[in-house]
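Both complexes shown next keep chain A, but they swap its partner, so chain B is in the first and chain C is in the second.
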Partner chain A sequence: MYIHNHGTFVGRPVADMKYYKEDVSRYTRLHFRRANRFVLLSLAGACRCAHEQSIKKNTGVYLTTENGNLGDTETVLHQIFQMRQFPMPYNFINTMSNTASFYVAQSLELLGRNMTFSSKLLSFERGLELLHCDMVAGSVNEALIGGVDEASFSKTQFEAKFDRRYEDYNMVEGSCWLLMKKEAERAMGEISVVAAFADLGRLLGWIERQAFERPVFVAHGILVAPEDKKAIGRALPDATLFDPIGDIGYFDSAAASAVTHFLQRDGGACLIHVNKDTRGQFMAMRVEKY
Partner chain B sequence: MTEKAFIRGKAVHCALGEEVGPVVSAMRAHQSHTTDVPLSLINLDYTRPYYRLPVKAGDPPPHSEAFFYAVLFRTVEKAIADAGLQPHEIEEMPIFFGSTSIDIPLYEETYRTASNVLSQTSSGYGNIANEIARHLGVKAGCYTFTTACTSSANGVLYASAMMGQGAFDRALVIGYDLFSNLGFYGFEALKLIAPPPYRPFDKHRMGVIMGEGCGAIVLDRCRRDANDFYCLGGANACDTHSVTTHDPEGHAIAAVMREALASAGARPEEIDVIKAHATGSYHNDLTECNGLKQVFGDHLPPVTGLKPFVGHTVGACGAIELVLLSEAVKAGFVPATLGFETPDEELGVVPMTDDLAIESGTFLLNYFGFGGNCVSLVVSNRD
Partner chain C sequence: MKGSLDVDLKNKIKTLIVENCDLDIEIADIDDEAPLFQRNSPLELDSIDALQISIAIQNTFGIAIRDSKEMRRVMTSINSFADHIQPE
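Here is the complex of A and B:
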C-alpha cells in the first residue's frame, strides 16, 4: 500500500468552534453549520490530505477512532435526562460517529467505501488491515485513511485506562490522514507491513527477520512498557528512537499521528511503529519514506 | 473471494425470543409483538411502540450492566456452542462487532443523577468487543464497526472477505443494539417512529418501529452441513446525498447492489429472493425500490422485509436479519413481509404477501443507514 500524501491537524483543544470552522472553510466550500468538534477535526485533517491531489470519486474513506464523537453524545443525554426534552435532531444525528466519515466523503465527493471503525488502542493499525483487504480484493484502489480523536479531558479516565501519569503528557486532539493508493508510481512512501503479535517474543522474532535498506527509526505506542522498549531496542540496535507523543502530544489516535509525523521528516528512512493494547497484543507497522 | 466463509454457528436474541428454532417458528406463524414505551423521561403522556426483548425470569433488570452483558454473552455462547468450536478454535477467532449504540446503554442510567459520565468513564468504542474477547478467551484481533444501521453488515462483509483471503480460518460476527433512550428519543425527535402495525413498502407506511437484539454468527472456512449458508460477496459504498436520507433516485443504492453481485460473481437473474432493508420510512422505501428497479428491471425476484418481525434493530440488523433469513430458508421458507397490505404505485415494488417455499438459493441482503452508508451482501446455500 503506497502513501501518496498525508495531512495533519493536531493541537491543543480550542473551545471556540469558530476556530475549527474557519480552518475547514479554507479547504471546502460546503458549510458545516451544525457540524460538531469531531466532524470538524476529521475534515480539517482529511481536507489537508486531499488538498490539490487528484482523487478519484471511488476513493474509499476509512475513519479510525478510539472514542468517536463525545460532545454531541453528552449533549443529547443532557437534553433527555436533565433538560427533559427531545434531543435536537442534528445533535442526535451527530451522535453517530460515521457522520464524520460521511462529511469527509461529501466534501470531497467520494462515493467509494466509507468506514468508521475502532479497535481498542489499535484502531489505526486494524483499519489499515481492512484497507489492505479491500485493495487485495480489488474493491478499493485509492483511499483516505485517518485517525481522529478528541482530547482526553479526564485525568481519572486517562490514568485508569493507561496506568500512566496524566501530567506527563501534553494532551492534544486532531486528525491525521494518509492518501493511500495501490499504485506505486509517484508515491512518497509505503506501508509495507501491518502485523499483529500475541506476545513480545513473536514481535521480536518478526523484527529480527526484517532487512532494512534505509536508516531505521522506532516509535512506541503509549502502552508499550519500558521493558518492552528495551527488548525492542536490543532487536533494533541501530535504530533511532522516534518519539511522536513527546514531540506532538498524546491523543488516542497517536498511531496515525506517529506515521504522519514521520512522513514530515526528510526522506530515505524507515519507521517501525510498535503499539500494544490492554490485552497485551502487539501490532507493528513498517513505514518507508522514499 | 478465494475461500468461502460458511455460517457454522449462529444465535439470535430478539423480540421473538432467544432460541433460533422457536424464533423461526414464530416467523412462520407470522407473530410479532411490540411494547408500548412511554416518553415519561421528557414528561410526555403518550407511548411509542418498540420491539423489546422478552423478559425472562431470573434475568438481571433491563437497563442494568448485568443485563447488557447477560444478553450479549449468552447469545455469543450459543453461537459458539452451535458451531461446536474447540477451545483452540475460539482462541484464534477474531471478533467483528457492529453496533450503533455500542456502550451507551451501559451509561444511560447514570445520567438520571449525573452528567458527562460517558466522556469521563467510557473506555472507547472498542471496549465491548474487547470484553467479549476477555469473556471467551479470544486472543485474536477485535474489529468494531460503527456505521449506524449497516454496522454489523459491515462486520459480515469484512469477516468473510478477510477469511476469503486466508487471513484466518474462522471469525465471530456480532450485531448488538439494546434499547437506548438516546436512540428511542432521537428517532422520535426525527418523527420517524410509526404506530403499529409496522408495514414497510405499504402505501400507508408511517415510519420505523425500533427493536433491540443481538445476532451472533460463527463463520468458518469449512462447511459442516450441505445446507449451510456461505457468503458469496458484498459491497459497501457511500451515498453522499444527505447525512439522513439517500438519493431518492436510488443510484447509489443500485451501484452498491451491482458491486455486491459482481463481487459474488452472480447475475441479477441468479438471485432467488431479496431481503430488503425496508425500514418503512417514506424516503428509505422509495429509494430502495428505485434502486431495486434499476438493478433488476422487469425481472425483480421476490422481495421481503424482516423488520416487522423484530423491529429495526439498527446496527445489529446486519447479523440478526442474516440469521433470520438463512434459518428460515433452512426451515423451508422465506417469510412474507408481515403487515404489508396495500401496494404503493409510487414504489412500483410489491413485496411478498405469502411465505415462499424454498430450501436453498442465492439471496441478496440490503442494509442502508444514516451517514449514507450502503451495504449489500450476497449469500447462498446452493452448491
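Here is the complex of A and C:
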C-alpha cells in the first residue's frame, strides 16, 4: 500500500468549536451547521490530506477511532438518564458511528466504501489491515484512512485504562489521515508491513528479520512498557527514537499521529511503530518514506 | 397578551431557534411572519431542525408538540409559535 499524501490536524482540547469551523471552512464551501466537535475534527484532518490532490470519486473512507463521538455520546446519555429528557436530535444523530465518515465523504464528494471502526487501542493498525485486504481483494484501489479522537479529560479514566500518570502527558486531540493507493507511481512512501504478534518474543523475532536501506526510527504506543522498549531498542540498535506522544501530545489515535508526523520529516527514512493493547498483544507497522 | 404581540417572547423564541439550530443570522433579521420551513424560507430549516426546535421548546417552556400536523401549524412562523406558547 502506497502513501500518496498525508494530513494532520492537532488541536488543543479547550479550543472553541468556532475555531474548528473556521479551519474547516478554509477547505470546503459546505456549511456544517449540525456538525459536532468530532465531525469537525475528522474533517480538519481529512480535508488537509485531500487538499489539492486528484482523488477519484470511488475513493474509500476508513475512519478509525478509539472513542468516536465522545462528547455527544456523553451529552445524549446525560440528557436521557440524568435530565430524563429526549435527547436533542443533533446530538443524537452525531452519536451514530459513521456520521463523521459520512461528512468526510460528503465534503470531498466521495462515493466509495465508507466505514468507521474501533479496535481497542489498535484501531489505526486494524484499519490498515482491513484496507490492505480490501486492496488485495480489488474492492478498493484508493482510500483515505484516518485516526481521529477527541482529548481525554478524565484523569481517573485515563489512569485506570493505561496505568500511567495523567500529568505526564500533554493531552491533545487530533485527526491524522493518509491518502493510500494501490499504485506506486508518484507515491511519497509505503506501508510495507502491518503485523500482529501475540507476545514480545514474536515481535522481536520479526524485528530481527528486518533489513533496512534507510535510516531507521522507532516509535512506541502508550502501553509499550519501559522494559519492552529496552528490548525493542536492543533489537534495533541503530534506530533513533521518534516520540510524537512526548513531542506533540497524546490522544487515543496516537498511532496515526506517529505516522503522519513521521512523514513530515525531511529525507528518506523508515519508521517501525510498535503498539500494544490492554491484552498484551503487539502490533507493528513498517512505514517507508522515500 | 397573545404571544404574537409579546416582543420579548418572540425574541426568546428566535434566540432559541438560532442557538439550537446553530444559525448564522441575527434575531433582528428574522421576520415574525416569514415561513420557517418552506423551501423559500430565509432560515432554510428542515424536518430535523423542526425536531430539534420542538425538543428545545419542550425543555424551555414545558410545552410538548406531540402531533406532526400540530407541529406544522405551530411552526409556520414566529408569530404562530408565540401564539401556541402563549395563547392569550
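Descriptive notes on the structure:
Just so we're on the same page, the second predicted complex is superposed on the first by the 288 of 290 C-alpha atoms of A that agree within 3 Å, B and C clash if a C-alpha of one lies under 4 Å from a C-alpha of the other, contacts with A are read in each partner's own complex, and residues count from 1 in each chain.
Everything below uses one rule, namely that contacts are C-beta pairs under 8 Å (C-beta built on N, C-alpha and C of every residue); 3 or more make two chains touch, one makes a residue touch a chain.
Owing to the predicted nature of the structure, the values given are computational and were not obtained by experimental measurement.
Superposition model on chain A: chain B and chain C are shown accommodated side by side without a clash. Judged by the touch definition given at the top, the superposed model places A:H78 against chain B, while chain C stays out of reach. After superposition on the shared chain, chain A has more residues touched by B, the comparison being chain B against chain C.
Once the two complexes are laid over each other on the shared chain, residue contacts for A:S119 go to chain B alone; chain C is not touched. Of the two partner chains placed around the shared chain by superposition, chain B is the only one that A:G68 touches, whereas chain C remains out of contact. Of the two partner chains, chain B is the only one touched by A:L130; chain C is not.
Look at A:I93: by the touch rule set out above, it reaches both chain B and chain C.
Within the superposed three-chain model, A:Y103 lies in touch with chain B and out of touch with chain C [touch as defined at top]. Using the contact criterion defined above for the overlaid structures, shared-chain residue A:N36 touches neither chain B nor chain C, since it reaches no partner.
The gap separating chain B from chain C in the superposed three-chain model is 7 Å, by closest C-alpha atoms. Note: residues 85-86, 88-89, 93 of chain A belong to the chain B contact set and to the chain C contact set alike, using the contact criterion stated above. Per the touch definition, chain C reaches chain A in the complex via residues 20-24, 48, 51-52, 55-56, 58-59.
The touching residues of chain B, counted against chain A in their complex, run 1, 41-43, 100, 104, 107-108, 111-112, 115-116, 118-127, 129-130, 133-134, 139, 141-148, 154, 158, 161-162, 164-165, 167, 181-182, 185-186, 188-190, 235-240, 243-244, 252, 255, 259, 263, 369-373.
Those residues of chain A that touch chain B in the complex are listed here as 61, 65-68, 70-71, 73-74, 76-78, 80-82, 84-89, 92-93, 95-99, 101-103, 105-106, 109-123, 126, 129-130, 133-134, 136-137, 139, 153-154, 156-157, 161, 196, 198, 252, 277-279, 281.
The touching residues of chain A, counted against chain C in their complex, run 31, 33-34, 85-86, 88-90, 93.
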